[in-house]
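First the structure, then my questions, so here it is.
The letters A, B, C and D name the chains in turn, as written, and every chain counts its residues from 1.
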Amino acid sequence: MGMVGGGPGSFIGPVHRIAAELDREIELVAGAFSTDAGRSREAARSYRIEEDRGYADLAQMLAAEKQRDDGIDFVAVVTPNHNHLPSARAALQAGLPVICDKPMTATMAQARELAYVAREAQMPFALTFTYTGYPLVREMRDRIAAGALGQLRKVVVEYPQGWLAGEAEGKQAEWRVDPELAGAGGCIGDIGVHAFNLAEFVTGTRVNQVMPDLAAVVPGRRLDDDCTVLLRFDGGMRGVLLASQIELGELNGLRIRVYGADGGMAWRQEEPNSFIWHKADGTTEIVRAADASLGAAATAMTRIPGGHPEGYLEAFANLYRDFAGVLRGKAANMLPGLDEGLRSMAFIDTCVRANAEDAGWTELKI
Amino acid sequence: MGMVGGGPGSFIGPVHRIAAELDREIELVAGAFSTDAGRSREAARSYRIEEDRGYADLAQMLAAEKQRDDGIDFVAVVTPNHNHLPSARAALQAGLPVICDKPMTATMAQARELAYVAREAQMPFALTFTYTGYPLVREMRDRIAAGALGQLRKVVVEYPQGWLAGEAEGKQAEWRVDPELAGAGGCIGDIGVHAFNLAEFVTGTRVNQVMPDLAAVVPGRRLDDDCTVLLRFDGGMRGVLLASQIELGELNGLRIRVYGADGGMAWRQEEPNSFIWHKADGTTEIVRAADASLGAAATAMTRIPGGHPEGYLEAFANLYRDFAGVLRGKAANMLPGLDEGLRSMAFIDTCVRANAEDAGWTELKI
Amino acid sequence: MGMVGGGPGSFIGPVHRIAAELDREIELVAGAFSTDAGRSREAARSYRIEEDRGYADLAQMLAAEKQRDDGIDFVAVVTPNHNHLPSARAALQAGLPVICDKPMTATMAQARELAYVAREAQMPFALTFTYTGYPLVREMRDRIAAGALGQLRKVVVEYPQGWLAGEAEGKQAEWRVDPELAGAGGCIGDIGVHAFNLAEFVTGTRVNQVMPDLAAVVPGRRLDDDCTVLLRFDGGMRGVLLASQIELGELNGLRIRVYGADGGMAWRQEEPNSFIWHKADGTTEIVRAADASLGAAATAMTRIPGGHPEGYLEAFANLYRDFAGVLRGKAANMLPGLDEGLRSMAFIDTCVRANAEDAGWTELKI
Amino acid sequence: MGMVGGGPGSFIGPVHRIAAELDREIELVAGAFSTDAGRSREAARSYRIEEDRGYADLAQMLAAEKQRDDGIDFVAVVTPNHNHLPSARAALQAGLPVICDKPMTATMAQARELAYVAREAQMPFALTFTYTGYPLVREMRDRIAAGALGQLRKVVVEYPQGWLAGEAEGKQAEWRVDPELAGAGGCIGDIGVHAFNLAEFVTGTRVNQVMPDLAAVVPGRRLDDDCTVLLRFDGGMRGVLLASQIELGELNGLRIRVYGADGGMAWRQEEPNSFIWHKADGTTEIVRAADASLGAAATAMTRIPGGHPEGYLEAFANLYRDFAGVLRGKAANMLPGLDEGLRSMAFIDTCVRANAEDAGWTELKI
């Protein structure tokens, strides 16, 4: 695995490294970690890989690694959003599979181009919508698909954060509030898109209409930092999506509640090893990572016995485990890819436009 | 105290009785509990009051009680919504103060008339927005008013219930889904209005615009049973209100979160004896009913030491305690009255109309 | 109902008044609230009863009330422990039933005498072990009795408090740390005895051996303020009881966990409206006050729908409701009485003695 | 790193592998994973290391690896307890540092021998008392050491599990209930020892007396599966330790509460990213992994931002990170070693003996 981005100060680069390697199916061996050659070598050292495999740019990495017997066999793109397309395109066109951080790209047009390129290249492309990697999220999806809640009626998905309630400070914050680097969506593109993806993933149902209410709450901010989006899904399910970066004191409070004619389920990312299931018989169960009743998908993605908490890194690693399977020829299964990427970009794009135009309910098309 | 409504099968009648009497400042002594004379006497027996003070209608009660030295000195209206106006009007015009269950009336026009009547009569009028009676809700209000969160930015108020997810069965359910008895609002009028009132109460700020998304989810239902309303407040605060009666498994999950430039607070009705306070210094405090730091308003409304949970009945009793104070000449303080009633009726009315007309963002005026 | 004790500054007097009257089956009409005549009249006023029914002592109350047509028909004893015996004895011998706060008396000898007197008088005698009044505690007891957990193996009951971690200040604290007023047990007699009673109540099984570890942690304290007691029950069940008044920050954290060969259950007093049930099939259920699956005992003791929290006062009121039933000739059912009183006094007595003598495992006999 | 044990069916082997490699400072390259040569090679494959570095026994591994330029530079011992001594001794005497799973050995005599060997060899020796690796456990320790709770008075540490409530089935269970493989302690040696170590670690204070109550609850079991131990610490602090493997439904419920004259703290392993702090001023804080107030020790051991849960594997990895530091010459800091090993073995040994002899309070000496 070769990485693009993830240099000094990156939050998500080391996360990708740990996640990729957790199950020892993948090894980080090279990277174009920074556009500054010195910083890229410095990053290579910090990742404990050979210094000369810390390249100054992606083209260099692709060229040099191709010459090696033990060269990289896929690329992980972990740059700010505006570099997703050029990076992924170059890798795919060089014949390498790509796993890319979300959102897919900075703009809808870029997403379409990237999808075109990937399909042309016939190379695997995966997107790290991390939260779909939690075993109990997959268990919810499987149970809902099997009819545990009956006909679906309502989903509420929330993603409160508070870390951008003040001035954006530090590398992580700064690019996220800059339209040149992040794209047209701020909060909606950074975390709203996770919530959107999670809602479609868990319910197995697609959003077909949105009614967004986006705003930049912090004075002077150029991108939205607080979002509510009303949703309609195929089949008539109603939904509400809340995402915010200005809810002071909230850390990473992603949660989802799904209700059907026969029950309800609720899961929280900050306590990810269980979910609540309100059952048709009126009882309420806590489904736990330990339970013998868990299906194959969740069980396969659990590494240690119940009560020994697994967290964010393990969920992330589950995506890489899926990806490693794809590289070996397995089906992508629950791993998000082009379709999820296009849908999520369409979601961002539609919300931003409809909000700017005060368009009210707007169809979500890709 | 004389009661109108609250006969056999009533949920809220016995609640009013217990709440009114909890602090021994008030005694239930008479009632027009049912329009059926026999059932009204039966109710009198069940409340352990003299049988002949269980009247067949309000007019009878007002006339008979006036003749007594120990006659009632105020009326509690606990009927379905469509009877709030006629009952309250008759009592007020007979010179008796009124405490009335929410919502104020079945329609906006009725609310205006009731307000007119009450002002003409110069009689106290209170509305039992129960949740404002919780000591820690009052503590939040006081701390927010004192600037604990800085400039307010966002409120999220949710009221999930699941008990009307199937066919409406039983006395409690049936009138609530019947527009003739409940008024134009279903879920929005039954519980959405509590959430609205709580948001204004806690933040001390008024909603000036709404964007409602109401629907009847259960097939055949004539009133809304699932609502989301986007909100704008004076001063620019943004808000979201969620209320539902079809979220299966949810009981009475009212909760409110408020965020400002300097912090955040969160409270849940199902565990009402504490709230979370994210502070400006980055720490998070659990404020508990026990705490020495509580202000006078919360302390006065707490009957037993921290750790001995007080619940819904005690919160309700706090409203009656306030009302008893008003009858003795005290200021209404935090007790909801005409203003809160009119605002909440305007909220229901505006949401129902704007939703029906697909009007998008709509001004909230009273 | 006439009260002994409960005068100005009392915590438990007003609690008894509210609990007794909550269901309107009982009315507080008289009291020997204080041994100071003026303070007793002051208390009468504060309870809103006729001032001349605030008597200077119990003998006076018994004599005066006997003369009235509407005189009291039972006595509630809410004094510090050393007055339980003389008060209850006088009332019983005057032919009045008695409901008494726990512990039964200050000493084992007094308890035996009180039991003798009550049996001689053939008058009902009840003890307010409050926590047995919680509906979900009764539900646990019924389910366990019905075999939900299989053969019982283990109980852990904890009662952490922190309010006596410093100098004992105020009326409530002072008598509790004074052996003359409280008896030989400090923490063990004040709250340990609740935990003991709860363990026997919920499991339906009797303790037959104890191994106590009691100490006075706060410098200068004359009674224990921190206790652990190892337990053995009939049938071989093992147990641990923890009670403390010096665990700073803890409020009233009574909790109980019971395990059998086929499952486990856990309940917490500070969130009393649900309990956890680990089932034989490996799933975990949250049993809630709302649930249709609740049995008759719990349902009868629940006043309002699930999700509207009921708390300590309602649990207390359930004991008075039982007591009112007994006065009308019903069976005592789950209401604690002489047997529970004697057992709990034997528990205190045995623990204090065995601890003082360093006696190790000691038989619990009554 | 070379591993001893951890072959097919092992729970803790893969945990060590992941933990060791998480920060990329250490790499698993060889192992004597099983005493069956074929199974050891199979394990090598499953760990994705070269098959011929899956050795049939430790001696072979030590010999073969010594010949390699890239041979192992330390040994991780993850066998059942009875093999800890021979494995660690062989490695140490071959001049290799050792990191060993807890408990140190199967018997006290073995522990003494191992300590002697390690000191003679002047080689680093570490014990994976996993729970000391949680960042917030370290934060508690640091704050308590700095006086946050004032003079310590009481610690309650609990470790409930339920997985051995029935017949012991499967490789993990079977050796743990066999005195030949596990040593004289069952539950007390498997998890009680974690609780003991955690209590000493967090409070920075040593146990000097124990009063154990151990039993084999499951019929036919030869080792204890349910334990309570009363504790006394240097300085007079009182303590209670509860550990059980038969509390059905409990997963891995380790928790600790510490109280002093000026406050209290509570932490739970199943939600490890925060703890509760009852402060001297009467307020209660939730200290979270995110907080800016965290000290250097906790911050250094946190890999991702607050709200992204880190769990058991990350805590375990923190011990390996410490160990890697020690190999580079750093101080052992908070990493448990010989001293903690000897103390914990003395704890097991003393509890088992005192319990067998019904000895009551017994001094804990090493």
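Keep this in mind: a residue touches a chain if its C-beta (ideal position, glycine included) is under 8 Å from a C-beta of that chain, and two chains touch if they have at least 3 such contacts.
Note that the coordinates shown come from a computational prediction; the quantities given were computed from them, not determined experimentally.
Check A-C against C-D and say which one is joined by more contacting C-beta pairs.
When C-D is set beside A-C, the one with more contacts is C-D.
Quick check for the class: compute each chain's Cα centroid; which one is farthest from the centroid of chain A?
Centre of mass proxy via C-alpha means gives C as farthest from chain A.
How many angstrom lie between the CA centroids of chain B and chain C, rounded to a whole number?
35
Distance between chain A and chain C based on Cα centroids, please, to the nearest Å.
Inter-chain centre distance comes to 54 Å.
Please work out the Cα centroid separation of chain C and chain D, and write it as a whole number of Å.
So the centre of chain C lies 42 Å away from the centre of chain D.
Where does chain D touch two or more other chains at once, residue-wise?
250, 276, 284, 288
Please name which positions on chain A make contact with chain B in the complex.
Spelled out, the residues of chain A in touch with chain B are 149, 153-154, 156, 160, 162, 165, 211, 213, 215, 217, 226, 228, 230, 238, 240, 242, 244, 246-250, 257, 259-264, 276, 278-279, 284, 358, 360.
Give every residue of chain B touching chain D within the complex, in rising order.
Going by the criterion above, the answer is residues 276, 282-288, 291-293.
Which bits of chain B are touching chain C when the two form their complex?
11, 14-15, 17-18, 21-25, 47-48, 161, 163, 250-253, 269-273, 288, 290, 303-314
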